[in-house]
Amino acid sequence: MYSFESDYTEGAHPKILRLLAETNLEQTKTYGEDPYSRKAALLIKEQIDRENAEVFFISGGTQTNLIAISAFLRPHEAVISADTGHIEVHETGAIEATGHKVIPVPSCDGKLYPETILPVFRFHVEEHMVKPRMVYISNATELGTVYSVDEITALHSFCRENDMLLYLDGARIGAALTADGADLTFEHLGRFTDAFYIGGTKNGALLGEALVVQNPALARDMRYIIKQRGGLLAKGRLLGLQFLALFEDGLFWELARHANTMATILRNAIREIGYPEMAESPTNQLFPILPNDMIAALRKDYIFRIIEATDDVNSCIRLVTSWATQEADVRAFANALSRLSV
Amino acid sequence: MYSFESDYTEGAHPKILRLLAETNLEQTKTYGEDPYSRKAALLIKEQIDRENAEVFFISGGTQTNLIAISAFLRPHEAVISADTGHIEVHETGAIEATGHKVIPVPSCDGKLYPETILPVFRFHVEEHMVKPRMVYISNATELGTVYSVDEITALHSFCRENDMLLYLDGARIGAALTADGADLTFEHLGRFTDAFYIGGTKNGALLGEALVVQNPALARDMRYIIKQRGGLLAKGRLLGLQFLALFEDGLFWELARHANTMATILRNAIREIGYPEMAESPTNQLFPILPNDMIAALRKDYIFRIIEATDDVNSCIRLVTSWATQEADVRAFANALSRLSV
Amino acid sequence: MYSFESDYTEGAHPKILRLLAETNLEQTKTYGEDPYSRKAALLIKEQIDRENAEVFFISGGTQTNLIAISAFLRPHEAVISADTGHIEVHETGAIEATGHKVIPVPSCDGKLYPETILPVFRFHVEEHMVKPRMVYISNATELGTVYSVDEITALHSFCRENDMLLYLDGARIGAALTADGADLTFEHLGRFTDAFYIGGTKNGALLGEALVVQNPALARDMRYIIKQRGGLLAKGRLLGLQFLALFEDGLFWELARHANTMATILRNAIREIGYPEMAESPTNQLFPILPNDMIAALRKDYIFRIIEATDDVNSCIRLVTSWATQEADVRAFANALSRLSV
Amino acid sequence: MYSFESDYTEGAHPKILRLLAETNLEQTKTYGEDPYSRKAALLIKEQIDRENAEVFFISGGTQTNLIAISAFLRPHEAVISADTGHIEVHETGAIEATGHKVIPVPSCDGKLYPETILPVFRFHVEEHMVKPRMVYISNATELGTVYSVDEITALHSFCRENDMLLYLDGARIGAALTADGADLTFEHLGRFTDAFYIGGTKNGALLGEALVVQNPALARDMRYIIKQRGGLLAKGRLLGLQFLALFEDGLFWELARHANTMATILRNAIREIGYPEMAESPTNQLFPILPNDMIAALRKDYIFRIIEATDDVNSCIRLVTSWATQEADVRAFANALSRLSV
């Protein structure tokens, strides 16, 4: 059985394990004040060209989202999300558990646009309603789609005009920025969002996300909040070291590119045969709609998630590739698809 | 410079890194449902002889405490802690952030006793006050002291009689159970507490604590709560593997015993010269009270925490040993102490 | 200017003020343990024929909702509401502020049905999502519509089968149960919901809602929760006395019937002229869709809320009658309508 | 039986009921935007000489405290209180339920001083601990004692120097400012605190407290927070009208002075006979320590609270007078005391 279920079925890129082993017996400062974490933070700030930014390393995505959002908002302020957004659907109410409403906006492609946010913003005008104060987007989205520079700057302008914050969930930012045709860059993130996080877990790290806060006022006392939410790792170097390994020489982007390339092989095979996709994803998540009997046949050898029945005889499935996916394995899957579609 | 600042200044025991490397490219189930996590959970349940218990692996101690306590209590219920307790002093109000009051009880030795809890329990009798519903203890305590079987069973009986839960923070449970003279065993924990956690971070793991819930009713829907608080690691095997490495052959206890042995060398040196200690700790944390000029001299070569001035010319410091402490280093420190006290 | 803006623009029914004055200098027990509160609670329990129920008097509707919902649910549990529901739209995120997600279900008539809840229930199946555990309905709804006995029992059965609670927001329960054609009774509420509240504020009281909890297990320690949320009034008799005045002789229903009768006069006038309504409300809130110039003309003499533009030349407005509305005033408004529509 | 149990055993001052009756059928704006609430707010601002202040009327003291504190603080910030403080002891963890730690400071007289706060402030220096950001005081305190101008200005200076807020719980501010020997004035409150509340419930109102926020930045979006916590009364005029009645002609102070005068009669009787008091209260709460058999005899005719046994044969009781206390009743109690002490 081979799994295309997610991009976190394997461990970490070997370079990371090597670095952990090499530095293992060094004594360092704790709680993220070690030299590796400091260096990794510096690298990231340089690479987004925002020297005033602050970078915090946190274990996982849900934790990063709940820490950032609850740190930035006052009690009555709410966050707008696509109805497919991770915070809306897949975090067991983590944001609400910190007291804040998530306002879902219907979305077919997993993205938000000024014109889809505007009605929400106009509706919430007085104190009997929450005050929308943050726009939450994911890039790549939960459907694998990506934002263009124009789309991000439009959201950025909308937020500026309406005194709202723009926060980007980058659990799969690697795949998003290295996707074919993507024009958004790492620097753009630093310029056009108020904060974002870089997903390590889904791109080669054992665990860990890097929360980047561009605005020093928003970052104030952030370490208190991280500690309070249980996110300040005693051996914080474990996170810093991994981001150092990923960002000192571009490994992060290389791994993401590889995942995308593997997905492209699958995508081409699917398109060649003519199966539709639920979303136009240029990244490492694919959502093909396949006949149910073909899905059944594939599941004898492959593990993947079935998203939903699209009609009586077809269903949408999710295939995910990663830094660890081998070309032989995607080719084998592509061949199986061809064989089964004859 | 050598550091006695904490038991988490190094990485992980080499066996752990080896196991991570060996299994790195295996594809496994995610979010803690992998075979390693299952096997580690099973081992722990066997070793405490509670097959109905449930075991959950969580990144850190503060996160484990806030998840357990907020899962077990209703909104108006409070937890009683020694005023030195980690949840009271060193978790940035993490418990309160989930809505629950921590009621501190003055304690000189870091421990709670039925007779010190009783007044709190008697005082809180009606609905204008919180309802004390849980007793939180740490073992070893924040002062390095440990509970005896008699003390734990007395607390257990008190809790049973008064419809309260007994929860044990075992961030340093390894050191506690392997301390000279300790009569409390791993099985006792399973029998006399409602839930406890086993600290991996401070005893050789990269990160990770194992929350053990003896009562299945208390464990109900716990994975929802863990996810909601941001504690469900995508690559949960990272935690399971470490606990497997630590518990399959007793490595956990061996590491703790080593840390205690190293502390004993320091303790003997201190006692020989005649310096007093703030608390009678038989574990890997020592709290000697030393002359300020000696402290200044030691700090040229050693890193450690100064707890507080005890009078105009003396202060209490904290020395911590760990699984990674080398005998040569503690001997060198002991010699330095002797030299300076002449 | 005469206002049809809401059913809380005046003070209280004179009987209430009289009773307050008569008992004013009596010394009574505080925090709701006075004889008036006890007697009012007893009356309500008798009238719904549930002697095991518990009744709590609370200042306002939002407070009652947040107290009930947060008392009944565990942290990861969520409440399903129509997307027009008060808790979803008009309580400034009060439920989320206690940590719980509100899951909105699209609704045209303000009501929920098993078939509209079912997809939500089916979607939320695992620990990465909240656990739907309560169905929140309002009766009358925010659109003035009401539930039939069949509809309530269908919801009740659905909830029983799926281990969910049914909670009814009765801010306008008086108007709902006395509406023309309504077959639901006070006793039905006691039988088919797990808890509900009786709205005093919108039916003749100065303030106050009566939270009725049928299941004693759900009511456990409720006074702690009420106190914690700031809802335990020192002079609780103020609430008990009012509910006594309203329920000892059926005044509550009489006032509601009056409000409905006044609305019927308006409704008939609107229908006679042929204007459509946004919702088919048989209660004291009407939602006619009128030409914008007519609305402008009416606003010279009347205060009411404009809900939304329905097209370029028409808008939906809300007209609310109450226990205090005088027949002469509704007749005058009806006449104005007729005059303006010529 | 006559009750000295609290200052909220009766209803409201007759003038209040009269005003409610007179205005009962007027239609007004809702949710506190009515002319009475506006006028009352204006009066209070004038009387404290702070025209930039904002005034909000809220049902009860616990609700006011939890709204103010959670509105002012960020998640990791904590509030310092005397260990006798209402928020620490008698609000069922209401502040913690909004996520904030209350740090108790031992106090014999119910008051805080810079020198008792300082150690707390010095202890909490880093992100593993909450950040003390507000000082909460009550005046009169829970022991009936009062602050002098010097004491308040010392706290004010301490807070200014340390970037902390000073918040005053004025549940019994009437009694405090009209006490014999008190030099603190209403204007001082406006000048030396960041926010405070004026207690109506315990000084002649049916219910209601006026939260006064001097700093407009702190008051920002306060109505959202009040609504979210369930504190925005639909018929807000009920609160505004009462404060208008109390403040338009000094009735508030007159009632408080009366309560104090009644207490003085009791105090003199107690002192004459020579019984000690637990606290030196110049206000309407007395804490005499009496022989247990005398207490038993008094309880045949009087209701009052027993605070605690002070030794085997004596106990401290609490006697409270109010605006509604009749001189004949206190004289009768004083006589009973004399008789029983022979």
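Read from first to last, the chains carry the letters A, B, C and D; within each, the first residue is number 1.
By our rule, a contact is a pair of C-beta atoms (placed from the backbone, for glycine too) under 8 Å apart; a residue touches a chain by one contact, two chains touch by 3 or more.
Only a predicted model underlies this, so the values are computations on that prediction, with no experimental measurement involved.
Peer 1: Which chain pair shares more contacting C-beta pairs: A-B, or B-C?
Peer 2: A-B
Peer 1: Quick check for the class: compute each chain's Cα centroid; which one is farthest from the centroid of chain A?
Peer 2: D
Peer 1: Compute the distance, rounded to whole Å, between the mean C-alpha positions of chain A and chain C.
Peer 2: 42
Peer 1: Report the inter-centroid distance (CA atoms only) between chain B and chain C in whole Å.
Peer 2: The answer is 50 Å.
Peer 1: Using mean CA coordinates as chain centres, what's the gap between chain A and chain B in Å?
Peer 2: 34
Peer 1: Which chain C residues reach two or more other chains?
Peer 2: 75-76, 91-93, 97-99, 127-128, 130, 224, 227-228, 232
Peer 1: Chain A touches which residues of chain D in the complex?
Peer 2: Of all residues in chain D, those touching chain A are 70-71, 74-76, 98-99, 127-128, 130-131, 221, 223-228, 232.
Peer 1: If we count contacts the way the header does, which residues on chain C are in touch with chain D in the complex?
Peer 2: 2-3, 5-6, 8-12, 14, 17, 20-21, 23-30, 59-67, 91-94, 97, 201-202, 206-207, 224, 227-235, 237-238, 324
Peer 1: Touching chain A in the complex: which residues of chain C?
Peer 2: 75-76, 78, 89-93, 96-102, 104, 127-130
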